[in-house]
């Protein structure tokens, strides 16, 4: 009887932990539920197509226009632009850390990368606004320093740590046997990196890149403070844009409760959520495939 | 007691200035002031989550209906006037613009300063967030319900607009009277210079009253606060200090 | 000695940080002979082997002292190019470690990194190497499949082919058959006997029978010291040192 | 057999997922005897040992078939409580693994998890166990220091004391001295000889001299099969099977 | 000398394969040049990161330190926030961060225990992991929307410390789970086996052996979670932060000022943007010191831990 008791107790404890472990799923479920609940009513007013592809965002006019295409384009452009900066820098830094840096150097640089990751985004946004923007405006003689380029620069800075540290893990975990095999055949270190290490760690590196971009597309404060906020398609690098998170953050407080504007902002949140959700699923799929086939995949 | 004030970012500086002075006189009052916009304030009044709602526009019919359904009766108090002044870079020689010209510029139809008698320079349009009360007034009184071109630079506050125009010789913007400074140049509208007098006598075409709403007739700290705001020697002095046009 | 020595070490000391792994090793390797290094685990066999192609350079704390020559050139002198050295001294590792590439690309790898572009030459070289490694017939129909699909023994022969493709002079093998089953092991041993006509081969093994079967000369290491080196026949039948005879009769290790 | 068998396995098969690690093992262990399990690496010694206290339950893919009894009770029957079983069958591991706690707390651990609260009893039990493990004199002045400060040999004796404190009947030891130096090893061996008056001991060792020194019975495993089990003296001098004699003369492994 | 050697060898090999003039590869010097160019590029990339961090810190420090004094840290702002300090912001930020940890830490650690100690590989585990990964990827502003719709409106908490802390807790959950799992994984299995071998139940093993051994790592995760929560703004913008509330929060239902929000409103929507610049820099510097300080502490602590274990 006493045995049974202890066994039952263990079962209860296990189930309790299981229950708690579901917290993440539940939270995710609630997020999805409430996002959709508050966002979907806008589609009584505009069709999904008009919402997503509409060119005009005049939520407070009479009659209003709820087209978030410029916002989506703003988000995508800013993300791509920042990726063109952050991917090379992040992956190259990762290569440096994993393959070239002396252990001592690695010990110093890795924490620095982690520190960058922990800088509050509002500080980076603030920096972009008060230091970088006037600088850009002066150097390039443009109407405003708060623009796509500035935002991309700041976003790149924010996503580099993600890209760098995840790729570094992937690169570092390439088995030494492959490194030795290549060097033993008379390859230089660089040739080894390019022909063996990178191909072998490509899935880890791509996961890193996707997660980095996911971070950039969802980042709020930086684009809110730095992107300039014009809800129009940009024609040049230095045009202001209004990415989705910026629009939500700037307008939510002003939108009358459960009004059309409010619902439209939630619907924008849904679109943003779907974007990042796809990024994460892809990253997860790559990471999963990578795990199954072991450390030596092509 | 606790006193929560929410709403219009335009009224926010008034609420804050007056609130600080009010707290000095009534140290036991725990004051919380937030912006959030006129709509947000009125929503909070309807929900009963705030004591006072600031608004830079009058309550809408829809909102009144909603309030009555929930059994609350918002009471408006006019606390100040605001006038919105077009501004340009000090180096710009343009002195006056008609409302039609302003509308043309903001619609994106007038693209060069020389079309309105200025230098041969491209016009860079600076505007406010579409969801600000200030923008709503601009849209209503200048644009006649037509829209500001989406390519306009968007700034989040009056101060930011002033800054943007001060640093850019192509730019035009609009700000509340309280934000005027020497780094920007005010332009008269339809020949009328924006000032306290032209606002009060109604000559300046782009002006509006500012409100505070309460839920039902105010009592306790709330009524004390509103009396303080409306007091010609106390609140209204601070309104003027904040750069707005006092009621009297 | 009058014969030309391909590889020769004189007073070689080796350190991992503060701890010494090799003590004053003097050992010469004849051209076109197979030399086996034997000894208990941790005695420094691998360390010594990896000195010969300077693979130990990769270990930050490693330090080498003394004289190690190939064709009478000190390979630790500053003028020597490590990359070049390693393409002259091929290496095969304990666990087969093919690249996650096709079979063809594995063998072509050494040529490609050298910058060779000539496709016909590469193809012929790949085929020749695979033939030398006694693997060509088994894989000729799937040269462009992933090398990871090969069996362990095939993978190890692929690694040998890969090493041969860059035409090394010396071939180092660190327990090349220890991860393989008996049949695969036999194939590798046969291969070694074939290859010695062309290469100078140095092989580390913990299997004394294997040493006896494949090598001409055997060197016995113990605790970082070279105890004894002699013709394999002699060493196994008439060891001069007590430690050697203890080891080969299985008294310790 | 007429004598009572403490532990007995009948037709025991064991699988890690699809691969079988033990084949039809039939082996009995007498009370108050030391039985040594020997055999080359990977032959299944540890696997068999860990069947006896059901430590293999922790491996998700593990599966057991057949009959394993302690005091004639099938320990794999559903009524048996694993937790209780494990406190009756103590285990000592290859590498000393004291908890990062004080010496006292390490030994008291088994009692505490059983729910014993009586401080005096715990203290006396700790002292007794440390004495049985021949460690008390060395540590009596620092019972409340961290166990991680002990030497390897002391740590291993501490682990034995920790196992003894819960008063098990059977003591399983998986290469308990393989991580220790000769002096510490000797201490452990002496300890085993002392302990066998009270416990039934099963010890895995790769050191045949050790098996010869400490055990009454030796069982030889090869490739998952029990080849031969006999009195230690007999097995080492007159093995019945060729494989056994090959192994003990060092012909392979 | 060595070159000579190589040439003679080439000749020999050619004769061996009966092939004349094997194609010459890229010259050694060129290969080495490429390598040094690329390696310097990689080094430069790493340097750029460090330099960017240094530039940001330098600007904040150079322009912010003057604003910081005792009064700045211990008083509330006044005169339309052009004067005074940021005490309510610091307190609000810390309250939000700690509140989030009070909720997220136990849940996160318990989830990690389930994942690392109890769960067997399979569909359920994969789904939970997918959930965690996706939660980690949800944009912070979406957390804000969720907090607004769920805590503020649906659960009727109003804009309050509580709603903000819960929103932040949801956001930090994946961070804490990740760190805790890492810490649990680093506890050697031999501890678990030893404990189980002594007749301890699984829970006893976890509670008495595994958790104490993993605790430092888990706490490091907690600190990281706290610092992340303290620096975030988007999730609390609609759920907890207000423009001006000079008195310190008195209950979980108080609205609070927070450092990030303070920086944001002063810099973008304030009435006196230029006049309050020094205060903005000062606040930013305080926030940086707060957040980086916590991170640095965690990093150093973890490094020490690693050294001790190895």
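Labels for the chains are A, B, C, D and E, by order of writing; each one numbers its residues from 1.
As a convention for this text, a contact is a pair of C-beta atoms (placed from the backbone, for glycine too) under 8 Å apart; a residue touches a chain by one contact, two chains touch by 3 or more.
Listed by chain with UniProt protein names: A = Phosphate transport system permease protein; C, D = Phosphate ABC transporter, ATPase subunit; E = Phosphate transport system permease protein PstA.
Please read all numbers here as calculations on a predicted model, not as lab measurements.
Participant: Quickly list, by label, the chains bordering both chain B and chain D.
Facilitator: A chain counts here if it touches both chain B and chain D, which gives A, E.
Participant: Please state which pair of chains has more C-beta contact pairs than any other pair.
Facilitator: Ranked by C-beta contact count, first place goes to A-E.
Participant: Using only Cα atoms to place each chain's centre, name the chain farthest from chain A.
Facilitator: So the farthest one, by centre of C-alpha atoms, is D.
Participant: Of the chains shown, whose Cα centre falls closest to the middle of all protein Cα atoms?
Facilitator: Of the chains present, the most centrally placed is E.
Participant: How many Å are there between the centre of chain A and the centre of chain B, using C-alpha atoms for each centre?
Facilitator: 36
Participant: What is the distance in Å between the mean C-alpha positions of chain A and chain E?
Facilitator: It comes to 14 Å between the two C-alpha centres.
Participant: Using the average of all C-alpha atoms in each chain as its centre, how far is it in Å between chain B and chain E?
Facilitator: Centres of chain B and chain E (C-alpha means) sit 40 Å apart.
Participant: Hey, how far is the Cα centre of chain D from the one of chain E, in Å?
Facilitator: 46
Participant: I need the residues of chain B touching at least two other chains; which ones are they?
Facilitator: Chain B, residues with two or more chain partners: 35, 156.
Participant: Two or more other chains in contact with one residue: find those residues in chain E.
Facilitator: Only 31-32, 201, 268 qualify.
Participant: Show the residues in chain A shared as contacts by 2 or more other chains, in ascending order.
Facilitator: As it turns out, chain A has residues touching two or more other chains at 6, 188, 191, 253, 257.
Participant: How about chain C: which of its residues touch chain A in the complex?
Facilitator: Listed in rising order, the residues of chain C that touch chain A are 53, 55, 58, 60, 83-84, 86-88, 90-91, 93, 95, 97-101, 109-110, 112-114, 146, 148, 159, 162-163, 166.
Participant: Can you name the residues of chain A that touch chain B in the complex?
Facilitator: 56-62, 70, 134, 137, 143-144, 146, 228-232, 239-240, 242, 250-251, 253-257, 259, 261
Participant: Hey, which residues of chain D end up touching chain A in the complex?
Facilitator: Interface residues on chain D, with respect to chain A: 81, 83-84.
Participant: Mind pulling up the chain A residues that touch chain E in the complex?
Facilitator: 6, 9-10, 13-14, 16-18, 20-25, 27-28, 30-31, 34-35, 37-38, 88-89, 92-93, 95-97, 100-101, 107, 109, 111-116, 118-127, 129-131, 157, 160, 164, 188-191, 211, 214-215, 217-221, 224-225, 245, 248-249, 252-253, 257, 265-266, 269, 272-273, 276-277, 279-281, 283-284
Participant: So in the complex, the part of chain A that touches chain D is made up of which residues?
Facilitator: 3, 6-7
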